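Only one structure is covered here, and it is reproduced in the block below.
Chain IDs A, B, C and D follow the sequence of writing; residue 1 opens each chain.
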Amino acid sequence: MELQNKKIELPDFLAEREQVLTTWPTGKDVKFADGVKYQESLPEHKRFAAVLKKADQEGKTLSQPRAGVALVDEHIALLQGLQTACDLLPSTIDAYTRLNRYDEAAKGIAKSREAGTSLLNGFPAVNHGLAECRRVVEAVDKPVQVRHGTPDARLLAEITLAGGFSAYEGGGISYNIPYAKKVSLERSIRDWQYCDRLVGLYEEHGIRINREPFGPLSGTLVPPFMSHAVAIIEGLLALEQGVRSITVGYGQVGNIVQDIAAIRSLRALADEYFRAAGFDDFELTTVFHQWMGGFPENEAMAFSVISWGGAIAGMSGATKVIVKTPHEARGIPTMEANRQGLNATRQILNMVQDQVFPASDALAFEVELIKREVRAVMSKVFELGEGDIAVGTVRAFEAGVLDVPFAPAACNAGKLLPVRDNHGAVRVFEAGQVPLPEDVLTLHRDLIAERARAEGREPSFQMVVDDIYAISKSTLIGRPAK
Amino acid sequence: MQETIVIGVIGSDCHAVGNKILENVFARAGFNVINLGVMVSQDEYIDAAIETNARAILVSSIYGHGEIDCIGMRDRCTERGLDGIPLFVGGNLVIGKREFKDVEVIFKGMGFDRVFGPDVDLQHVVDCLHQDIAVYNREHLAVEAAA
Amino acid sequence: MELQNKKIELPDFLAEREQVLTTWPTGKDVKFADGVKYQESLPEHKRFAAVLKKADQEGKTLSQPRAGVALVDEHIALLQGLQTACDLLPSTIDAYTRLNRYDEAAKGIAKSREAGTSLLNGFPAVNHGLAECRRVVEAVDKPVQVRHGTPDARLLAEITLAGGFSAYEGGGISYNIPYAKKVSLERSIRDWQYCDRLVGLYEEHGIRINREPFGPLSGTLVPPFMSHAVAIIEGLLALEQGVRSITVGYGQVGNIVQDIAAIRSLRALADEYFRAAGFDDFELTTVFHQWMGGFPENEAMAFSVISWGGAIAGMSGATKVIVKTPHEARGIPTMEANRQGLNATRQILNMVQDQVFPASDALAFEVELIKREVRAVMSKVFELGEGDIAVGTVRAFEAGVLDVPFAPAACNAGKLLPVRDNHGAVRVFEAGQVPLPEDVLTLHRDLIAERARAEGREPSFQMVVDDIYAISKSTLIGRPAK
Amino acid sequence: MQETIVIGVIGSDCHAVGNKILENVFARAGFNVINLGVMVSQDEYIDAAIETNARAILVSSIYGHGEIDCIGMRDRCTERGLDGIPLFVGGNLVIGKREFKDVEVIFKGMGFDRVFGPDVDLQHVVDCLHQDIAVYNREHLAVEAAA
């Protein structure tokens, strides 16, 4: 396999497709033309890209939960219960399916039937197959997205898109590095080029499918510039394959200035890089994920984390917000808990909707900082790839130029260590091989030193660990106990 | 003496953060930690434990499939000669928010010696480890030596 | 009675005191010297003023619930249940006691005993008397404040202060206008001079009692400048009588910029006016009330309102925040609901504690606007009083120069009509006789017109009504349904 | 014909906002509204109703003492000659968050014809008023006229 950022030739795609559709028996039901026809039959208000575009034009922030259970009827009941409290629906896929372990998913389905309750952490769409997916889409009245974490998501894409889902989360980096251990980046990027090519093919047939790189990555103290770089790269890879509706994402860190700056800079940078790559006919939107790290177990406290995320999502101008629930620290939420998260989010979104977060030097500074960081990393990635962003990405991860904190993937260096500064913004404690400009590194170092002084201790891995636990223990910054 | 323990996250589970912290905590507590990382199969734990002559296996499951992934772990240990090796399990062990005591019953039923929720105090776990390893060394390994 | 802002002469005070203590049988147990001795016995961490001062120095925001039930043991259990989740304790007094209807309070106590549950909306401290108050104070480990709404709070003050409570909310304006119907302002101001004089007397004997004018007034769309003027006046009246620890308050309106500007300007203005009046040995702190108007009934939504209030309280730098509960829309909260409100608030306070709300032109503008408005009103009040702020206040209410929206008091003009602007800040729709500068009035008018245009309707009383309902119906601004 | 109704907030209750809105809504719905404001005693409602020949009394209680303040209101009306006058009550009628249907039972037991929670749709209340006043005019006032 010779990876490159180049649209897959149709014959090559079709040949590969034949093989993909045989990897599990349900693949054989998928016919592309039939998928297009089915997608055409969906009304506008059930088309993800259209609903996002409208929200973007109106300056609204839409809400979307995560939700998925083992059995189809239960999954339908769940989505029906949620749709009155949200704007966009998900189908969160279970972890066996994400790793193409369809036989284990089958066992999970069987055991769930026996137990009378879902024993899977998501909806095993591949096992259920095309017709069942359509049953889900038809049973609800809002657009439905596939949300998962699948390094090789080709069959899942074939089945769910022909099944009427109109948005597909993920990407070759963001669904490998945080979600897998031994999958090579060449492999996952190539397999996601397939998914994007499939979406591009739908696009060629007049069906716009929304694509969303997974912004939060490991969800744990990821500095904005690093997730931005990944989102932009995945956007570029998708555009090349013909994708035209792209939602770039970001996971809240909890500092109001950094979070708002992150969404603003993300949108501006994505637009800039996409245009620089020669594209100008894309629809760009943004998604803000409420805090993706460890949650407090106390539900009242969890509500505050949820609400704070909703407030920042709204004030940052993100097009949608992915909503957590008061059960987050414990387990897959019940429908009721999920609705509570959505209701809390709706209230705060409505309350901040018409408020303008004031322009300030601090905000402008943070936006500029993120932009410089992203540009530094991106230009190294292009350099390593000798102009090819796919190749550059693989080499950048090898070299530790791209590096996601706390990720499980073997192909990730894991040398970048983030830590919060004295105001709770996430900064770079150890840069590893990430090529930030010298003055930027100094700035991060100074900011962290300021915190260290305030706490009367040296910055250390313990400080990082304290930050990992902090929000679950009811603070933003992991200060030592007094 | 520095005791060896094997840790890792079972099944198809990718949650890596807690695992990195556990490694750090147990290492600082004086153990020789063999960390298999995420997505570890039952046999991988057992292989590592045999190879390194480990005194305990600590299984994490965070993503909710623990109830499926952990079935048979104790039998497999016994089958492969790790008779009575201390088996701990911890994390978000089942799907959904359930009473911890019910979860404990399920996993004790599967043969785990100790079951921990996500909010466990890790110092307490270190104490449990010392205690259970001492018993294991005395009872099981003594028997082995005698045999 | 000839009202003036002048320290009550001790002999006059003592003569009045004799009479006050006979207004209900429990009054006879109160001996001032014994009260001082009892207060002296309280440890530092149970002294309200000391705890506030420390928080202020450390830049912390403390949390305080509202809570009170009919019977003493139940009240103790309630406070004990709450104290682990908050920093400061209240004893909220029932509505009969607030109107000196101690016989009805007695009935309420009896009926509550029968019913086995509190049928009063607060703690009837006067009926329970001195010894029982001390039992409350001794049973808890945090400072306790009397929170009420009593135009004539003289006996209540005598009993509770001798009883060991170390802070006393209220004032001659803020506990009349929103809480009474036919009590004259001369009367309530004079009766509160008594309360302040009593606190001053404790002060002379080395006991610092904290005094807190009630900031939110009617809790319903009160423009910041109006509540600021009242808070400053009550502060001046209190200082004159010898009070030295003063917490000026403000009720959240929901717009982030206006709310933060309100706390900043409140503190600056109070300090300025207090010093200008010749005082320089006072301890000034601020209190931010989470949204005081109608709440959403849905508890998840209520959590967001609570959380948003906590976030702004923290970022504004208020010294304490008064916390609502998820039961707010419905009824007196259970202890559990009250703890939930406190836990949610604690989480968000901790998360914003170290964050700096960035300096911006918008914020500076709003601070300046409030300052100009307050100064315009205050100078008219001084003018009307010919230099005497007590006299000026009475005349200002008569003239509608001071005017609290939606207040029940007959002595309040009720001509000032507030409405939200297009960003949710509260502006003046009809000024009545409130003497705002012409350019300020024009600004308000323009801002409201901007909203009216956005909604395609004229500003009207219906718009005001829509705003009154808005937060309870899950928005900040009462827009017409589309 | 413009019917007269008396409204007000009972007891020691100072909550004025809802009262101002009720006045506005009922006036716009065509009633002649006698608004007694806050802190109204039972006799004040009745005095006003007699004086203005009102066709209904609408009691608000927001602050939680409704359960105490409203006792005897129906008897007092009858005593003073307002036989069968429509009596509505609404607001946050009792202390604490209780099931509305239980609250309704209590106040119906006290003789109120209609009981409303704080989230009632006021258009519905207007409809109820028209309906109940029509019945009252037919039954009670007819009786009176005949007597």
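As a convention for this text, contacts are C-beta pairs under 8 Å (C-beta built on N, C-alpha and C of every residue); 3 or more make two chains touch, one makes a residue touch a chain.
Computed from a predicted structure; not experimentally measured.
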Problem set entry | Neighbouring chains common to subunit C and subunit D, by label | none
Exercise. From the C-alpha centre of subunit A to that of subunit C, how far is it in Å?
Worked result: 45
Problem set entry | Whole-Å gap separating subunit A and subunit B, where each centre is the average of the chain's CA atoms | 32
Exercise. How many angstrom between the C-alpha centroids of subunit D and subunit B?
Worked result: 68
Seminar exercise, completed: When centres are defined as mean Cα positions, the distance from subunit B to subunit C in whole Å is 56
For this session: At least two other chains touched by the same residue of subunit C: list those residues.
Result: none
For this session: Can you tell me which residues of subunit B touch two or more of the remaining chains?
Result: none
For this session: Could you draw the chains as nodes, link the ones that touch, and say if you get a line, ring, star, complete or other?
Result: line
Exercise. Name the touching chain pairs, would you?
Worked result: A-B, A-C, C-D
For this session: Using the touch rule from the top, collect the residues of subunit C that touch subunit A in their complex.
Result: 254-257, 296, 298-301, 303-308, 310-311, 315, 339-348, 350-363, 422-424, 471, 474-477
Problem set entry | Residues on subunit C engaged by subunit D in the complex (per definition of touch) | 95-96, 98-99, 101, 104, 107-108, 111, 117-121, 149, 178-181, 218, 220, 293-294, 297, 327, 329-334, 337, 406-408, 461, 465, 468
Exercise. Contact residues on subunit D for subunit C in the complex?
Worked result: 11-14, 16-17, 20-21, 24, 37-39, 63-65, 67-68, 92, 94-98, 118-119
